[in-house]
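Next come two complexes built around subunit A: one with subunit B, the other with subunit C.
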Partner chain A sequence: MASSHAKIRRYAPWTPYLFMAPFLVIFVTFVAVPAGLGLWMSLHDWDFMLENRPFVGLQNYLDLFDPASATFEMFWNGMRATGIFTVASVPLLVSVPLGLAVLLNRRFAGRTFFRAVFFMPYVLGVAVVGLLFRFILDPNIGIVNGLTGWSIPWITAQPWAWISLVLMTVWWTLGFNTIIYLAGLQDIPSELYDAAKVDGASGWQQFRHVTLPGLRTVMIFVVTITVLASANMFGQSDLVTGGGPGDSTRTALMVFLQEGLGAFRMGNAAAMSYLLAVFLGIISIINVLAMREKRRPRWRS
Partner chain B sequence: MPPPSSSAPGPLRTLSRRRFLGGSAAAAATAAAAPLTGCGDIVGTSERDTLQFWNFYAPAPSEDPSVVARAEWMQATVDQWNAENPEQIELVFAPMLGSEKLATAFAAGTGPDIFLISPGDIIRYINGDVLVDLAPYLEQQAIDDFFPDNMASRVVGDQIFALPMEIEPLALYYSRPAFEQAGLAEGDLPTTWDDMLGIADRLIASGQGGLVVPSTQGYYQNFVWYPWMWQGGGSVLSDDGTSSAFDNDAAIEALRLWQTAVERGLTPRVEPAGDDIVTSFVEGYASIWQSGIWSISDFRRRAPEFDYGAFPLPTPPGGEQATALGGWAFAANADGANPDAAARFCAWALGSTDTAGVARVAEWCVETKTDIPPRVSSLEHAEQIGGFDTEIMSTFRDDIFPTGIGEPRFPPVIYKAVSDAIQSCQLAGGQPEEQAATAAQGIDAYLKTYEGAPL
Partner chain C sequence: MAVLTRPEQEAPTPAPAAGRPPRSLVRSAVFWTFLLVLTLVFVGPIVWMLLTSIKTNPEATSVPPTILPEDPTGAAYDGLMRLDGSYPVLRWFLNSLLAATLHMLLVLAVASPAAYALARLQFKLRGLFFVVIVSTLFVPGFVFLLPNYIIIDKLGWLDTIWALVVPGAAGAFGVFFLRQFFAMLPGELEEAALIDGANQWQIFTRVVLPNSKPALATLAVLSFLTNWNDFIWPIYVLFSPERLTLPAGLRLLQGAYTTDYPVIMAGAFVASVPVLVLFLFTQRYVIEGVSRSGLKG
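What follows is the complex of A and B.
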C-alpha cells in the first residue's frame, strides 16, 4: 500500500494539467496566442502585404483619439452603432425573457412544448437567421411588405433598420436568457411565495419582493453576458443590412474586420479591438458593482 | 475511401458509449480543423505541380449560356497553352475574387499563380511587390497596341503589372416598352441631370420602374459613381496624387444627385430583381439602369427579343461627358510556383501580336462578351468580324468609349472613404458637403503616411 501511495503522489502534480490539457491547448492556440499577437500587432504599422512592419508604439491607439486621423471617424461611428444596438437591445433581452420565464415557470398543459418553442430559434446559426430576415424584410420581395401591403423600408432606411435588427435579435436569442431565468426561478424556495401569500402580497408584490431579489445573481450574469453579446454584434448587421443604410448599422466589429482584413491595416484593427475590450471590461465591472447585493437577503442568512 | 457498406459487421452495432464518444470527438476535431486548412484544393505555392489560375468564369458554375460561353473561352485558352507548353495551368473557380479572399490568400503565402484583378483592387498588390512585371515578356509592338489611358492603372513607370482583357465603359440603358408606356420617345432621352430626374419622375408616375444605380456598398458602386463626379471636373485626389481633392463642388453635386434620386423615390434603395438588369427590364421593375457594355451580351443571350437601348450618361450644367472604363486583367504572382511561366502565359494569352493572339482578345470581347477590346489591333479585328455592326455596340464604341477615363487605382482606405460618403448621402441622409469634407480629411490623413506607387 505504501509504495503504491508514493507512486500516486509522485505523479500527482501532473494530473490536473493533463486533465486541463485538451482545453488549454485550444485556449492557448485560439485565444491566448492570438490575443498576445494582437497586442504586438497593435504596436506596429502591420500590413499583411508589406514586409516592412515598423514599430509605432502607441500611435495606433492615439490615432483613435485624434479627429484628424484616418481611423477616428470610422472607429467612433462603429462604436456609436454598437452603443445604439446595445442600448436598444439589452433592455428587451433582459426583460422579455424574464417575463417569458415567469410565464413558462407556471404549471399549464404544454409547458415543455412552449419552453422548447421559445428556445428553438437560439439553436439556429446567425447565417440562417440573417438570411431568413434578409428575405422576410426585403423591401422589394419581402413577405412582410408583400402580405401587409406596406412599403416600409425595413432594412434600407432608419430607424427601421435598427428596429429590424433589434427585433430579430430578440426573437433569435431570447430563448437563452429565458432558460437561464427559468433555472434561477426554480432555485427560489416555494416557501417564500407561501409566506408572501400569507402576508397578503399581491402577484406583483411577490414578483417585486420575492422573485426579483431571488434572481439577483442570475440577473447579473444575464445582463453581463447580454451586454457583451450585443456589443459584439456582427452577423446580423453584416447579413441583413450590410452595415447600411450608409454606415449607420456598421458595428464596431464590422469596422475592425474592414480595417483588418479589408484594408489589411492589422495594427489599427488590433488597437481598435483592444480599446473595445477595455470598454467592455469597464462596463462589465460597473455592471457587477451596480447590481451587487448590498446585503444578503434575509431568507439566505 | 469508399463509403461503408450497409452490411457492416459487428462493431457498429455493438459500439460502446465510450467508443462512440471517442469517435465523435475525433470527428468533431477533424471537422473543426478542416476550415483551418484553407479553401478546398488551395495549397501552398511551392507544393503545386500545375499553375493555378483563379478566375470567376471557369469551370462554369452554372448552365447560364452567358456563363458557359465565357467559361469555354477561358478553357480553350488554357487548353491551347497546356498543349503547347510544358508548364501546365489549371483553372480554379474563385467567386468574389474582388473580396478579401484573394488578399488573404496572398497574405498567407498561398496566392494563385495567375489571377484576375480589377483596377480598383490592384494597388495593394503592386505595393506588396507580389506582381510580375510583364513588360519584359511583351514585344514593344504589343505594348503600343494597348490603349494607354486604359492601361494606366496597371502601369508604374515602364513596368506593366497586369494586362487588360477587356474595356468596359458605362452608360445608361433604357427600356423602350417602359418609355412608350410613359409616352416618351427617343427624342426624350435625357442629356442633363435635371432631364434625367424629370424623365425618371414621369416613368414612375406612369407606373413604370425607376432609375437604377447601385446601392450596395463596394468597389463596383464607387466605379459606377466616379463618372458623375468627373463630369463636373472633380476628382478624388489632386493631380499629383499626394493630397485629397474630394472636397470639391463636382463631388458634392454628384453625391447630391444620387441622394436626390433616392429621396424622390426615383431610385430604389435596393437593386430590383437581385440586381439583374435583364429581369428588371423584362418584368418592368426598372426603366433606366446604369450599367456597363457587358449587359448587351446578357440581353442577347437571355432576352434577345427585348427592345432596349443605351445612351451616354447625362451631364450637369457646364459639365463634360465622361464615363468610367472598367475591365479585368490577367496578373502573375511574383511569389508563385513559377512566376516566369505565369508571366509568359499572361503575355501570350492577351499580348500576342500574331493573328491568333489578336483574334483571341477580339473574340473574348465581342463574341464571348460584349466589350471594347483593349488593343487597337483587336478592336479592328472585332470590327471585321462584325462585333460592332449593331447600333448599340457602335454607340458604345463611337459615343461612349471616347469619353472614358480608366478606373482609378486607390488603396482600400481611400476607396472606403469615398464609398462611405456615397453610402451616407445616398441612403442615410448625410449632407454631401459634410460627407465630402469628412472623406477628404480621412484621405489626407492617410496620404500623409502612404508609401507606394503613385496614385
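What follows is the complex of A and C.
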C-alpha cells in the first residue's frame, strides 16, 4: 500500500502537516507543554499563590527522601496505600478476567449477553460506583451485612476497608480486561488445541501450554495497564472510605492533589507525581522483561 | 487408582478456545449456575440502586432490609430534578450531556485528520509524530493534572465548560485507534478517486470517512463515556454549583445528604441511565473498541 502511495503522490509537502495541525495544537498545549511545565515546577519552590518561585534544584525530590521534611510522612503514607492497593488488586484483575474469558470463549447460547453483563459496570463512572458501594457496604444499614447477618466493619476498620476497595474495583473494572483477553484468545489458532488433544493433553495442560503462552503479549499489556490504573486510584478511597480509617487508604494521588490543588504547593506535588511516574516506569520495564523471558509460545520457538 | 482417574481423563474437558458445548449434564448445570450467580452479582448492585431510590428513607435504611419497595415513591427524584438551588441535579445532567457531546465531536474532528495523515500520507516527521503520540499512552495521566490546571487557569478556562471539553482531546488513543483502522482500508478506493482528480481533503472526507463509520462510532461512544464519567478533573477545575458535571455533583450530594440514601441513589441512578442506555444500544462498538485497544500490546 505504501508503495502505491508513493507512485501517485499528488499533494503539497505541507498537506500532511495541515491534517495533523488541529490535533498537534491540542497535543502540544495539554500534553507536551504540561510534561515540561511539571518538570520545571518540580525544580522550583512553586507556590500557585506566590509571585516569587525560586529555583531549588532537586530539593523537592530530596525532601521526599528526608524523614525530617514536612512532606516525607504524608508522601510515603500515600505511596504505601497505593502500593497496598496495587499489590492486592492487580493479581485479581489479571487472573479473574482470564478465567472468565476462557469460560466465555466457548460457544453457547447467550454468550454475547453474558459478555455484555460482565462489562456493564465498567461503563458506570467511579462516582456512581463509589456512592453505590458506600451504601451497600455500610456496616449498619448496608445490604451485605443486612442479608448475611454479619457485622463486618467494611468501611471503618482494616483490613476490611482494603478488602472493600479492592473487591468493588474488581467488580467495576473486571469486564475491561476480560474483553481484552477474549480478543487475545480468538487469535490463538485452534489447530494448536487440536494438536494438544491428539497428544492427550488435559484441559489444564492445554490451558498451561497453549492458552497461557498464546496470551503472553496480551498479558503483558493487561498487567501494564492494570498497574497504571491501580496507581491512579483516587475515586474509590475519596468516596467510600474518605481516606480512612485514619489515613490508611489515603492514596498517593489523593496526597499530591491535596498538596498541589488544595494547599497549592505545586512544586512539591509535581515532584511527588514525577517520582511515582518514575517508579511506575521501572515496574513496567521489569514486568515486560520478566514476562518476555518466560512462556515463549511453543510454535514460535 | 486407575479406576479413579479414568473418568477424569475421559471427561471431555471443554477446550478453552475450540467452541464445543460442555457435554456432561452435571458440568453444564455447574456452568449455568455459576454464570447466573455471577450475573446476579453484576446486575444486583445496579438494580439495588434503582430500588433504593424509590423507597422512603426509613425503609431504605431498615434492618433487616426489604428488597422490593413496600410503598414506591418518587420523592427522592422530586427534590433533585431542578435547575437551581444547591444541588441542581438536572442542571448537572445537562452540563454533563453538553460537555460529553462537545468533547466527543472535538475528538472526532481532530483525531480523524491526524490519523489519516499518519496512516495514508508520506511526510518526513510521520515516524517521529507517531512514536511520540503513542508513547504518551503509557504515561500515567496524573502527571498532567497539576500543570494542566495551571494552563487552564492561564487560558481563563477555570470553572468553564472548555476545561472539560478540550484537554482530553489531546489523548493519543483516538489518533492511534483510527490510524490502525485507516491503515487497513484498501488502497484501490483512493486511487480511483485520485484518478478522478480528487485532492487529499476530498479523499479524506468522501472516501475514507464514509468507509470508516464503525471505527468512528466506536471512538465517539468511548470518548463520550470517558468524558461523562470523568471524576478527578471536574472536581478540581469547577467551583460553581450550577456548573458542575454529574460526577462532581454527586460527590457534593454525598457530602450533604450523608444518610438520605434514596436521594443519593437517585442521583447515582440519574448519572447511570444515559451510559447504561448508550451501552445497551452500542455495546458492539464499545466492546470492539476495547478489544482493539489490547492489540497494541
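We take it that the second predicted complex is superposed on the first by the 272 of 301 C-alpha atoms of A that agree within 3 Å, B and C clash if a C-alpha of one lies under 4 Å from a C-alpha of the other, contacts with A are read in each partner's own complex, and residues count from 1 in each chain.
Simple rule for what comes next: a residue touches a chain if its C-beta (ideal position, glycine included) is under 8 Å from a C-beta of that chain, and two chains touch if they have at least 3 such contacts.
The shown structure was predicted, so the numbers you read here are calculated from the model rather than taken from an experiment.
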Scan A:179 for contacts with subunit B and subunit C and give back first, second, both or neither.
second
First (subunit B), second (subunit C), both or neither: which does A:68 touch?
first
Considering only the touch criterion stated at the top, classify A:53 as touching first (subunit B), second (subunit C), both, or neither.
neither
Per the contact definition in the header, classify A:265: touching subunit B only (first), subunit C only (second), both, or neither.
first
Of the partners subunit B and subunit C, which touch A:80 in the superposed model: first, second, both, neither?
neither
Report for A:247: first if it touches subunit B alone, second if subunit C alone, otherwise both or neither.
first
Of the two partners subunit B and subunit C, which one touches more residues belonging to subunit A?
C
Touch test for A:209: subunit B only (first), subunit C only (second), both, or neither?
neither
Once the structures are superposed on A, label A:153 by its partner contacts, choosing first (subunit B), second (subunit C), both or neither.
first
Could you say whether A:140 touches subunit B, subunit C, both of them, or neither, answering first, second, both or neither?
both
Contacts on subunit A seen with subunit B and repeated with subunit C across the two complexes:
48, 140, 261
Residue numbers on subunit A that touch subunit C, as the complex places them:
1-2, 4-6, 8-11, 13, 15-17, 19-20, 22-24, 26-27, 29-31, 33-35, 37-38, 41, 48, 100, 102-103, 105-108, 114-121, 123-128, 131-136, 140-141, 143, 146-147, 171, 176, 179-186, 188, 190, 193-194, 197, 202-204, 206-207, 210-211, 217-218, 220-222, 224, 228, 231-232, 234-235, 238-239, 253, 256-257, 260-261, 266, 269-270, 273-274, 276-277, 280, 284
Help me check something: in the complex, which residues belonging to subunit B touch subunit A?
100, 103-104, 106-107, 124-125, 127-130, 215-217, 268-270, 272-273, 285, 411-413, 416-417, 420, 423-430, 438, 441-443, 445-446, 449
Subunit B-touching residues of subunit A, taken from the complex the two chains share:
45, 47-51, 68-70, 73-74, 138-140, 153, 155-158, 242-248, 258, 261-265
Give every residue of subunit C touching subunit A within the complex, in rising order.
8-9, 13-22, 31, 34-35, 38-39, 41-43, 45-46, 48-49, 52, 60-65, 109-111, 113-114, 116-118, 120-123, 125-126, 129, 133, 136, 138-151, 166-167, 169-170, 175, 183, 187, 191, 194, 199-200, 204, 225, 228-232, 236, 246-248, 250-251, 254, 261, 264-265, 267-268, 271-272, 275-276, 278-279, 283, 286-287, 290-297
